[in-house]
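A, B and C are the chain letters, set down in written order, and residue numbers restart from 1 in every chain.
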Amino acid sequence: MATWTWFHRFGSPPWVYGFARRWAPWFGGAALLCMLIALYGGLVLAPADYQQKDAFRMVYVHAPAAWLSLMIYTTMAVAAAVGLIWRMKVAHAVAAACAPVGAWFTVAALGTGMLWGKPMWGAYWVWDPRLTAELVLLFLYFGYMGLRAGIEDQAKADKASAMLAVVGVINVPIIKYSVEWWNSLHQTATVMQMGKPKMDFDMLWPLLLMFVAFALYFAAVLLIRLRAELLRRERTASWIREVLT
Amino acid sequence: MLNVTGLHLWRGDRHVLRGVSFEARAGQCVLLTGRNGAGKTTLLRAVAGLLDPEEGQVAWRGAPARKTRDVFHSELAYLGHEPPLKGDLTGRENLRFATGIRRAVAAADIDAALTRTGAKEFSDRAVRTLSAGQKRRVALAGVLLTGAPLWLLDEPTTNLDADGQQLVATLIEEQLARSGIVVAAIHHALTLKSGETVNLELGAA
Amino acid sequence: MKAGVLDVARLVIARDLRLAFRKPSQLLQPLMFFMIVATLFPLTLTPEMSRLRDAAPGVLWVGALLSSLLALEFLFREDAQDGTLEQFALSGQSLTWMLFAKTCTHWLLSGLPLALFAPIAAVGLGVPGEAMWSVVASLALGGFALSLIGAISAGLTLGARRGGVLLSLLTLPLAVPILVFGADATHQAIIGGDFGPPLRMLGAIAVLGVTLAPLAAAAAVRIGLE
């Protein structure tokens, strides 16, 4: 029964608004702390890679950004599904708030990937399977945001984009598999894999910590965006007046 | 048989339906009145299940209509503002499809319905060539053919001449006599010579 | 007596076929589009057959995809506009099944003719004769999967502004697997390799599509009709 009260609280916009307001700074602070430690660990402490020298340090931003971009899409789809099944307005607001953040992480992953590619292979872009899949993920985000923007009625936009997110998340593994298949067909002489170099613990812990930092950062930004979403959606509701005074 | 309780519906920011409730028993006709934008169409669509209300419930024969959606729809005939007809098909072909997907129907039945609504003479022309009033007559034949106990009609007399308006009144009376229920949104008064009428005005602040 | 599933499917298919043949120009447009696109590639790349042959899988599949995006406009839009799609939703019959029947008919009228027509474009791209039948088979199968996926985006964009562009934007990422396996099958056929594995993957996607896509499309259409 305790789980149900918790569930119901998450369904109440004013409660979630208060939660977001209280917790966002904590997540943000924790994120900053972790990021600083991880950056120090990755850029200064970790030894240079045997093959890639210092260029490999790009992985400390690139890999966590890529993981986050996928994690956020999944979060968005789960929130959207919850909104569809249990008809929770807050869940739809969460999904809407996730999308731009996820898209930016995807851009970050692509950008750092391009910056990594230049010292590695002398080219700003390679059709590496992971980068290509990242690009398709960006298109999925654009489609989601485009659909939301294209439908006037908020409730209808919520439901339609929720369906799209669910269909998209089911497709993501299929897309990834197909892109890897495609890449394996056209193996060129140089193995164009943007794989992480083999890592021992000294190199690994900053990576994991950076992932945690990004996740905390995502939580902080999500909570801030969520507050804005709730304010916009509930602007005619009475609890808004109390909150703003 | 039809129970609508506490229906609240927002379209964007507008609170269109504010706790609408009504009940309709067999043989009753509910007439929805109200000025433009009062929510008559919205209410009909919400009862039909095309719109999802934020609060409230529609119950048919005691069960929530959302849970028994397919059964509810098979007992429901909905006629909106625009007659749902494909312009490139003839009236007859349209009805053969629209009725056929619901129940087995014989050509003779279609003929009878078309004759009843005065649409037989132009039933073999492409619907795109018909006037608005003629299309409506074909659509009304479609409603008859469903054999559904519940009719939801959105301004059924639009584009019809005086004869046509009388036809609609008669068709509703016959439906009520069959123990059917009619919920109709109307603009001007519709007087029925028989059957029980309930008036529901929407948008009264 | 309630109409049975086979009757419903038969009626939907018959209706859509009848409607299509009363406006035959609509059928030809996606085909013409495909031919034009296929012609643009030699014009912009090279007239050399050997190089075109390398590009042929890409040209054929991108052309097929773009052409099917055009054809997807016709799937639901008119029915949504004249109110007959609502009739489907209010009929008391399974909307999933009815939309599946519509999608199959749509493929019969757009995807399949394109696949049968493709050898003409393929000849212009240097595809050898022995590869032709597998080109047709892969395009037919891929076109069916595309119609299924496209039905979902068509349903989702029913109520949206600039739905046409949005439909393309939504469908393209979801179509990536179909394109990858389809183009690979065509490529293998051209070089005389084993096109079995990619063709089977394409078939698997089509099967997955058949089981899931109509459900999603029906849900999307109901949302779009609100």
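Here is the rule we use: a residue touches a chain if its C-beta (ideal position, glycine included) is under 8 Å from a C-beta of that chain, and two chains touch if they have at least 3 such contacts.
As the structure is a prediction and not an experimental result, all values here were calculated from the model.
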Chain nearest the overall Cα centroid: C
Centroid comparison with subunit B (C-alpha atoms), farthest chain: A
Note: of the two pairs A-B and B-C, more contacts are counted for B-C
Roughly how far is subunit A from subunit C, going centre to centre by Cα mean, in whole Å? 32
Averaging C-alpha coordinates per chain, one finds the centres of subunit A and subunit B separated by a number of Å equal to 48
Geometric centre distance via CA averages, subunit C-subunit B, whole Å: 36
For subunit A, give me the residues that contact two or more of the other chains. 152-153, 155
Could you check subunit C for residues that touch two or more other chains and list them? 226
Check: subunit B positions touching at least 2 other chains come out as 52
Please name which positions on subunit C make contact with subunit A in the complex. 152-153, 156-157, 159-163, 166, 169-170, 172-174, 176-177, 180-181, 184, 198, 201, 205, 208, 212, 216, 219-220, 223-224, 226
Spell out the residues on subunit A that touch subunit B in their complex, using ranges where they run on. 152-155, 236
Subunit C-touching residues of subunit A, taken from the complex the two chains share: 136-137, 139-140, 142-143, 146-147, 150-153, 155-156, 159-160, 163-164, 166-168, 170-171, 174-175, 177-179, 181-182, 185
Given the complex, residues on subunit B that touch subunit C span 48-52, 70-76, 78, 80, 82-89, 93, 97-98, 100-104
If you look only at subunit C, which of its residues touch subunit B in the complex? 1-3, 7-8, 11-12, 14-15, 18-19, 22-23, 79, 82-84, 86-94, 98, 225-226
